[in-house]
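Presented sequentially are two complexes of subunit A, the first with subunit B as partner and the second with subunit C.
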Partner chain A sequence: MAKVLVNDIEIEIGEDERLNGIEAAQRAGFEVPRFCWHPGLSVAASCRMCLLETGQRDPGTGEISMLPKLVPGCQTPAKDGTVFVTESERVHQARAQVEEALLINHPIDCPICDKAGECSLQDYHFQHGQLQRRADIQPFTSRRRPLGDTVTLFVDRCVMCTRCVRFCREISGTNELMVRDRGSKEEIDVFPGFPLENKMSGNVVDLCPVGALGDKDFLYSQRVWFMKNQPGVCDGCSTGCSIYIDENQDRIYRLRPRENPDVNSWWICDEGRYGFKHVHDERRQTQPIHREDGQDVNVQWSDVGSQLDRELRQADRLAALVSPHLTVEEAYLLIQYLRQIDPDVLLGLGPIPVVGKDEGFPGGFAIHAEKCPNRRGVEEVLKSGQGELLDFSQWLQRLESDLPDAVWISGGYKSDWIDEAQAESILRVPLVIVQDLFPSPLGQLATYRLPGAAFAERAGSYVNVNHHLQGFDWAIRPPVGVLTEGQLYWRLLGRSGLYDATEILAEISRDISYFSAAVPPLPAGGVDLTNNLVAGV
Partner chain B sequence: MVIVTAFEPILLADIKKEASHTLRVYQQSAGYQTLKQALVEMTPEQVQEVVQSSGLRGRGGAGFPTGLKWTFLPKDHPGPVYFCLNADESEPGTFNNRILMEEDPHQVIEGTILSCYATGASTAYIYLRYEYPTSLERLQNAIDECYAAGLLGKNVLGTDFSLDMYLHRGAAAYICGEETGLIESLEGKRACPRIKPPFPAVEGVFRKPTVVNNVETAACVKHILARGADWFRSMGVPADPENPRDAGSYGPKLYCLSGHIERPGCYEAPLGITVDELINEFGGGVWKGRRAKAAIPGGISMGLLSADEFDCPLDFSGPGKYGCLGLGTAAVVVLDETVSMVDFLHNSCRFFAHESCGQCTPCREGTAWSLQMLNRIKQGQGRLQDLDLLLEIGDSIGIIPGTTICGLSDGAAWPIKNAIRKFRSEFEIYIQRTNPKGYQATEPVQALEIIGVH
Partner chain C sequence: MKSDDPNIHWVEEPKLGLAGRMYAPLFLQGLSTISRHLVSKKVTVSYPEESPQIGNELIYRGVHRLNRDEQGRVKCVACFLCATACPAHCIDIVGVESPWSDREKYPESFTIDELRCIFCGMCEAACPVNAIELTSLYNLTGRSRQEMVFDKEKLLSVYDQTKDKEPMSSSELGGTL
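And now, the complex of A and B:
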């Protein structure tokens, strides 16, 4: 066990751990400011904000000999006996000088900068900067230019940390960004004719410690301090990236990656990042409708529960299509409810949207072709309920060959998921209940057309392609007129109060062996369910 | 330009011969005999030992012991090991490598082949400064001649040793003279110096062990092998026994003398002659009968010696004792009494602001900021407090305080520190004279112009 001394506080570093000065200081409780260093990228050691003093402690005598010069913390490994000093006069002075230098050519246009409020340059200025501006260089310009379809560069705000350049080289592997010119005239740019257009391009905006890279989608739409950052899970594909859902008053303004070493590291893809637009789509269904004799009749949620319950109980044989967009808990509740009425309910897995092929990136990130978040979770719930797993076409076949009295369809898809022929076969069932986000050929003619929730409105957990389960709470409330699936099922089951995903997951972890590792409270990064699979629990 | 030598010249011995750059003439004076002998009679380790025991220190500026540098190569590395000859001679005032490459390129190549043999390198790159077209032509010609004569390529001179040599022309950036900047540039990248460790000896060109040596160093290697380590150690200044870190300054050195001097040129002398000797005995004194005001001891980045410091010996530890950064490239530039130190410093700052690669914040912004301040001072808007600010910048940038990756900004800092500390009164008088109303002001300087259009 290596022992490292940070400002007289001794910390221990494990055998396999490789920490640098910044990380070691963090462990001891000291924040070392930095611009260019990022745990997911190679070390540049060029911003020089993380300068600190280092030395070596003699293991025998305990005597400490310090290096005469400052070293960048990001580049200095913490080994046994290493000494770091992060809070000395010299270090503070060096930070102030770097901060001052970075502000020399910076326009300081915080009032109109998107980054203000979450800007390292701004924060560090207050923590470490000089009290007064001494530089007299000021004819600055506020030049901006697009780097691609997603990102705009505000040239003068840049501090040349080159995180974005390294990202394009190391993580996306697409090499679009570069440094142009030299010295204080250098700028980030793209090669002529090769704009920034990789599938992970939005990450450079998150990486940018200052306001130089602006997300065109988010630009000027919301001040960051008005937004709450709700942890969530992306529903764009079966990777299930950990994200922050940045919202203000139930409106999502942007999605950002949330660090999770087991799933997405520090990144998300653009598809996921901008994949929240459907949440606020005007075409979303917001009115529960009962179709009687070819006429749509608006109904109230307060009545819907008892009405559905009555009609379902009158039916003899039930079928249900369980969407891969439902959370594990929601799928579990739906099946539990329907099996109360008909223990032999015909359960099928909703269609799995597949687009293109799985795609890997040099940094280890992957975008999956399966464009739904919870196929694994729903499959396991279905398997435990029914024994066999029916996919959509198998389910449809069984349905057609032996028509049930009522069918429950859960949707939640972002785009068209059912064609007219399929809808027609299902519509032959006398009682069709569809809960979905958007109108569909099936929903339009269903007996009950119920508006459903989008991912950010749900609570529960998803299981990704690698059997990693992540729980999340709702980030925003659904639009008026929408009852989330979870709440509806909860109500149908006659449970009192509000839908509580944690309570259900605890039940599931006891009930289904596949989920036995998922005992709440879950860690922020989720749990790996395969641990238990291997052990054969 | 006049090139004279006072003692029996070694490195410059053949440069005045007709067609001295050709293989034919070079072989007339026992050219490549040393190589032949070494390849046949000595193992690479023995060559390394001879060079190490000669006390040869790198002639490129930093003065790192060459033999010691070679020993940093990992032992038993499966290879390839690369050798880079740093011919990116871009330190202002320096031109000794050019003379070697133009007038006696085979001497350099023989030294390079010997160095490659000693270090086990199978490929040598000569990274040549863009601005040297004649060197380009003559080096390429010399390499071609060597290939034709079996001195390069497979089985050099019929031995087992094989070596390929490539001449690479840079694109005119000062930073390519820094060894890791050179390596990046050679690999086809932007010449941003690398963070060290790993040092090039462990991970250099194409991530393989690499030795980077200067042109004059390679030429010295040839003569050390020809005449022995003891001969080399008989010249120069021995190590200071009081200072265990002093590795001594041995051998001949090419001094570049330029500026306000009667006979500027490249002179060969043993290490350790004084600035006075160089100016008066070799250069014929300050020009036009004027007096000297200051001199740059070894390229602009080494700082300044004032006229009363001309007794400074030009060996590796001499200029350091006079507040300069070091010997550097031993390129002495003489400034006569008419030179304004403000102009000198302005020019120096302009150079470094232009040449900073822009990687490290303190260098990128510090060099540009100091230039802006000098610009303002020259425009008659100077303030006395600017001098303290300039000194603060000078004291805080560079690898010596630890704030940058490479030494470029140490080079930028030293002229600032030396010029202001050694000639402060001149700066103060200049500022008071040109800005009589505002020289004492201390409130923040107003922005000259604000353009904010979004």
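And now, the complex of A and C:
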């Protein structure tokens, strides 16, 4: 066990850990300011903001000998006996000087800069900068040019940390960005004819410690301090990246990656980043409708529960299609409810949208072709309910060969998921209940057409492709007229009050051995369910 | 806040002196204040027949205006600082990329709900480019609530109406430009 001294506080570092000065200081409770260092990227040691004093303690005598000059904390390894001083007069002075140098050419347009409020340069200026500006130039505007379809570069705001350049080289592996020219003329740029257009390009905006890289989709739309950052899980593919959903008054403005070493490290793909537009789509269904004798009749949510319950109990044999967009808890509740009425309910897994092929990146990040978040979780719930697992076509065949009296369809897909022929065969069932986001050939003619919730409105947990379960709470309230699936099932089961995902997950972890590790409260990064898969065998 | 909170500073009620305990001296003191005001000059006016006098129009806090720059464009850069400072949440801005090359961002829409506004002047203090100012117009009326939500055009027209009488704040008045 290596012992490191940071500002007279002794910390211990594990045998296989490799920490630098910044990380060691963090462990001791000291924040070292930095621009160019990022835990997910290689070390450049170019910004000089993390300069600190270091030295070595003699193991025999305990005497400390310090290095005469300051060193960058990011490239100084913490070994046994290393001493770091991060809060001394010399270190503070060095930080103030670096901050002053960076601000000489930096335009003071914070009021119109989208990064203001979450900008390292701004924060460090208040913490470490000088009160008075000594330079006589006061630049106010920044040159700007697009780097690609997603990102705009504000040239003069850049502090040349090169995080974005290293990201394109090391993580996305596409090498679009480079540093042009030298010295004070240095600029980030793309090679002529090769714009920034990789599938992870949005990450450079999050990486940028200042306002030099702007996300075209988010640019100018909202100031960051108006938004609340709600932790969530991306539903774009079966990777299930941890994200922050930045919302203001129930409107999502952007999605950002949330650090999770077990799933997505620090990144998300552009598809996931911009994959929230359907949440605020005007075509979304917001009115529960009962179709009687070819006529659509609007119904109230307050009546829907008892009406559905009555009609389902009159029906003898039931079938249900459980969507891979439902959370584990919602799928569990739906199956529990339907099995109460008909223990032999025919359960099937909703269609799995597959687009393209699985894609890997040099940095270890993966985008999966399976464009739904919770196939594993729903599969396991279905298996425990029915014993065998039917996919959509198998389920449809069984349905056609032996028509039930009522069928419950859960949707939640972002785009078309069912064609007319499939819809037709399902519509032969006398009572069809569809809860979905958008109108579909099936929904239009169903007996009950119920609006459903989008991912940011749900609460519960998703199991990703690697059997990693992550829990999340709702980030925004659904639009007026929409009841989330969880709340509807909760109501149908006769439970009182509001849908509580943690309560259900506790039940599931007791009931189904696959989920036995998922005992709430879950850690922020989620739990790995494979550990007990092995133990269960 | 609980009663044992360290931030609470407890004070003792002052003890009444002889004059305080005897009712009459304070009673006479009050009577003399009333009679003094009975004979002194009146400060109230019979509004609306008579208009009140405004001391300094430049620092009066009445209806807002949005200033124009030298080229007649709206001066606002859509930084949302007024909306951030506003304690009544009456300012709503939609910022977009500006159509002009020398400006990056401008308000596509800028509305102030004058009924919600408490005329505190914080928006004026927060503005980094002196784009929003409060004028000396105080008698604003409307037939509906909707009419009292002033949009960008209306706020600019207030500027056109008042710009000659009330020039944009200069640094002597605490302006930043």
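The rule is simple: the second predicted complex is superposed on the first by the 531 of 537 C-alpha atoms of A that agree within 3 Å, B and C clash if a C-alpha of one lies under 4 Å from a C-alpha of the other, contacts with A are read in each partner's own complex, and residues count from 1 in each chain.
One rule holds for everything that comes next: a residue touches a chain if its C-beta (ideal position, glycine included) is under 8 Å from a C-beta of that chain, and two chains touch if they have at least 3 such contacts.
These numbers were taken from a predicted model, which means no experiment stands behind them.
Novice: Mind working out whether A:Thr530 is in touch with subunit B, subunit C, both or neither, as first, second, both or neither?
Specialist: neither
Novice: Quick check for you: in the superposed arrangement, does A:Gln300 touch first (subunit B), second (subunit C), both or neither?
Specialist: Neither partner.
Novice: So, A:Tyr220: does it touch subunit B (first), subunit C (second), both, or neither?
Specialist: After superposition on chain A, A:Tyr220 lies in contact with subunit C alone.
Novice: A:Thr286 contacts which: subunit B (first), subunit C (second), both, neither?
Specialist: neither
Novice: Just subunit B (first), just subunit C (second), both, or neither: which does A:Thr141 touch?
Specialist: Touch partners of A:Thr141: subunit B and subunit C.
Novice: Considering only touches as defined above, state whether A:Ser393 meets subunit B (first), subunit C (second), both or neither.
Specialist: neither
Novice: Just subunit B (first), just subunit C (second), both, or neither: which does A:Pro111 touch?
Specialist: Second partner only.
Novice: On the superposed three-chain arrangement, identify whether subunit B or subunit C touches more subunit A residues.
Specialist: Per-residue touch count on subunit A favours B.
Novice: Quick check on my understanding: which residues of subunit A belong to both its subunit B contact set and its subunit C contact set?
Specialist: Common interface on subunit A, subunit B vs subunit C: 109, 112, 141-142, 144.
Novice: Using the touch definition from the top, list the residues of subunit C that touch subunit A in their complex.
Specialist: 77-81, 84, 95-97, 102, 104-105, 128-129
Novice: Which subunit B residues qualify as touching subunit A in the complex?
Specialist: 173, 190, 192, 195, 353-362, 364-369, 372-373, 376, 389, 392, 396, 399-405, 444-454
Novice: Where on subunit A does subunit B make contact in their complex?
Specialist: 43-49, 51, 67, 69-71, 75, 94, 97-98, 101-102, 104-105, 107, 109, 112, 132-142, 144, 159-160, 178-179, 181-186
Novice: In the complex formed with subunit C, which residues of subunit A make contact?
Specialist: Checking each residue of subunit A against subunit C gives 109, 111-112, 141-142, 144, 219-221, 223, 225-226.
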